[in-house]
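Presented below is the structure to which this report refers.
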Amino acid sequence: MTLLSFARGPGMQGAVLIMVLGMFWRLAGIFLLRRRVAHAAARNKLGLRLLSGAVTVFTRTIPRRRFWPRVGPGVALSYVFHFGLFIILFGGAPHILVFYEIFGVSWPDLPKGVIVAVSGLTLAALIALLVRRLTHPVLKLLSTADDFFSWLIVFLPVMTGILLSGETVGAYGTLLALHLLSVEALMIWLPFGKLMHVALVFAGRGVLGYNFSRKGAAT
Amino acid sequence: MAALGVNKFDFLGDDGLVDALLMEVADLLRTLIADGRGGSIDLLGLPLSAACLAEVEARLGDGEICARLNVSGESVVRETSIAGVWRVRHADEAGNVVALLIEVAAVPEILKASRVDMERGLRRLREVTNFSLVRPAR
Amino acid sequence: MESGETVGDMLARRGFSRRGLLKFAIAMTSSLALPPSLAPVMAENLAMARRQSVIWLSFQECTGCLETLLRTENPTIAGLIFDFISLDYQEALMAASGSAAELTLRQAVAANAGKYLLAIDGSVPVKDGGVYSLTGGRANVDMLQEFAPDAAAILAIGTCAAYGGIPKAFPNPTGAVGVEDVISDQPIVNIPGCPPIPEVLSGVLVYFVSFGRLPELDDRKRPLAYFGTTIHDQCYRKPFYDQGKFAKSFDDEGARLGWCLFELGCKGPTTHNACASLKWNDGTSFPIESGHGCLGCSEPDFWDQEGGFYTSLAGGTGPSWRGAEIAAASGVALGAVAAIAARRKVPGA
């Protein structure tokens, strides 16, 4: 079995199953925790509480103006990276093809030139974020192995994807195998480290908004 | 021999390939003049689009000699407007191009009669003519 | 042919001039991606050579590889290869059969010991003592082990001989393997393809007869001149790949415009062969030009590739939906256990 056939077969199967199992494990494990019973009466009806929860997911996307000087650069870089990744993942023809092969739905792709430009920005933002983490006095203190490992496991798919689509360095088959394997590594790690923020950030904001609404606090 | 069809690199622009090719031809011609050693360029081994190939042929032009060979299919040897530079096209009996070359030489190799063939020819000549009139080769 | 006669003499006897031989050599150096200046050297070497003995053994095969070699249309240039080699043994073509055939084989081997090229097509079954492919009651694996040591080199012709091919496809009931899995101490050249392009075989034979050695090989023992690039590298539809113009289904609008077949499962990017440049049937066409994606037939285990011929290289075989459901349910169960265990630790809960 070659590296490529492993990546396109058992590797893919194992990684997806582990990711699904892991994500459900963590989400169930959090939502099934018993919460402290709130004895005070709710200030808002259930409908409004739920709505507040949903709205908070979006209102928290931009930090409050007061904090822009402090967190602005990091947030901006982070958005460039996240939106860039979103565009590559949902606008790139080979990725749309994968979605089609799994779910049977597809949509028009973006021109390759656009994807190339966005990939460059995404990679630059990702590297800049690492530099920031290594040089910022507070981030340096707070950073753990999880932070760096998660960065690496995101960097590898982006880097191998760029090399693969560029078709200048290395054999196509080898780069394809490495790209698939790095994506599978990301899928396996995702539920267990800080990458789980892909689900938890929305869950966290939603619960926060819900609780604040329950207390009658405007956010 | 399979037809080595010209690769359809039609999406490639000229990007200096024609100029580079002609510079190599000039270089070969220079060494031919200096010490008698020319050379050949295999055009089928290069990513030449049909347009590039036409451009090369147009720039080289036509000279005074055009020779058609009947050897395992047709071959055409055409002198270009540059003395010493020849375009050689070999085709098999089905008409497929099996080699396409630019040869830099006083006379392309394929046109020369080989010693072995000449010796055989002489033997045949002696067989079909009056013995006494033809002396054996020394 | 008279013994001691060179190829040059033999060709001359048949009225084939040295000029014709030079033209052949020019065509071959171009095909082998050798410098054109080597053509006169090759012609001279061919003229001086004795006919190269080739012993062809057919094992677990469909005869397609032999057919592809014989069906080359062009009579003179490709057929010339049969003037440079002496096919001393080949079961489908020779007149002898039965015990006369066995005698022919032994005589050919004895007369050319150390000098013959051993050409093999078909895979070598090794399970149960190799009983699944017998010639004259003798297991092919035993024949290979007997005749390989005295060969100058071994040509594994076709994907079956090179890597096991279709007999090796899951579940491989006969234990089929390629020649290189049985013989490790002899020079082997793999000429894969299902079938291989005939010009590749002629090219390798001419190179061997001209220069006395095998041409440069890649890490899978394939001649670099023909297998150094992928189908994708040479494909005339590559501009469409670069522009993102893909056919979405067979015979749709894109397919009719000749767009790239990547999404229909084309394995061109990972397949090494010369199909896109040499093409088939004397340059007539090749699968992609005829509207079907590359199957990857010159690569090992192509029959068993993940997702089959019509799943693109971007995809593969993922888990079943059932498997995903079970994974999700297991995750929830694990999460529940974790949450319950944590409950004991929450004060006031």
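Order of writing sets the chain letters: A, B and C. Residues in each chain are counted from 1.
The criterion applied here is as follows: a residue touches a chain if its C-beta (ideal position, glycine included) is under 8 Å from a C-beta of that chain, and two chains touch if they have at least 3 such contacts.
The shown structure was predicted, so the numbers you read here are calculated from the model rather than taken from an experiment.
Peer 1: Please identify the chain with the largest separation between its CA centroid and the CA centroid of chain B.
Peer 2: Most remote chain from chain B, centroid-wise, comes out as A.
Peer 1: What chain is most central when centres are computed from CA atoms?
Peer 2: Chain nearest the overall C-alpha centroid, as shown: C.
Peer 1: Can you compute the centre-to-centre distance for chain A and chain C, using the mean CA position of each chain? Integer Å is fine.
Peer 2: Centre separation, chain A to chain C: 44 Å.
Peer 1: If you average the CA atoms of chain A and of chain B, how many Å lie between those two points?
Peer 2: 62
Peer 1: Between chain B and chain C, tell me the centre distance in angstrom, where each centre is the average of that chain's C-alpha atoms.
Peer 2: Taking the mean C-alpha position of each chain, the two centres sit 33 Å apart.
Peer 1: Two or more other chains in contact with one residue: find those residues in chain C.
Peer 2: 242
Peer 1: Show which residues of chain C lie in contact with chain A when the two form their complex.
Peer 2: Answer in residue numbers: 230, 232, 242-244, 246, 263, 269-270, 300-301, 304-307, 311-319, 323-324, 327-336, 338-340, 342-343, 346, 348-349.
Peer 1: Which chain C residues qualify as touching chain B in the complex?
Peer 2: Within the complex, chain C contacts chain B at residues 8, 12, 17-20, 22-24, 26-31, 33, 35-37, 39-40, 47, 72-78, 80, 197-199, 202, 234, 236, 238-239, 242, 277-279, 282-284.
Peer 1: Note which residues of chain A are touching chain C in the complex, please.
Peer 2: Chain A residues touching chain C: 1-2, 4-5, 7-9, 12-13, 16-18, 20-37, 93-95, 97-98, 101-102, 109, 111-112, 172-173, 176, 180.
Peer 1: Please name which positions on chain B make contact with chain C in the complex.
Peer 2: Within the complex, chain B touches chain C at residues 1-5, 7-8, 10-11, 39-42, 44-45, 69, 71-73, 75, 90, 92-94, 96, 98-101, 103, 109-110, 113-114, 116-117, 120.
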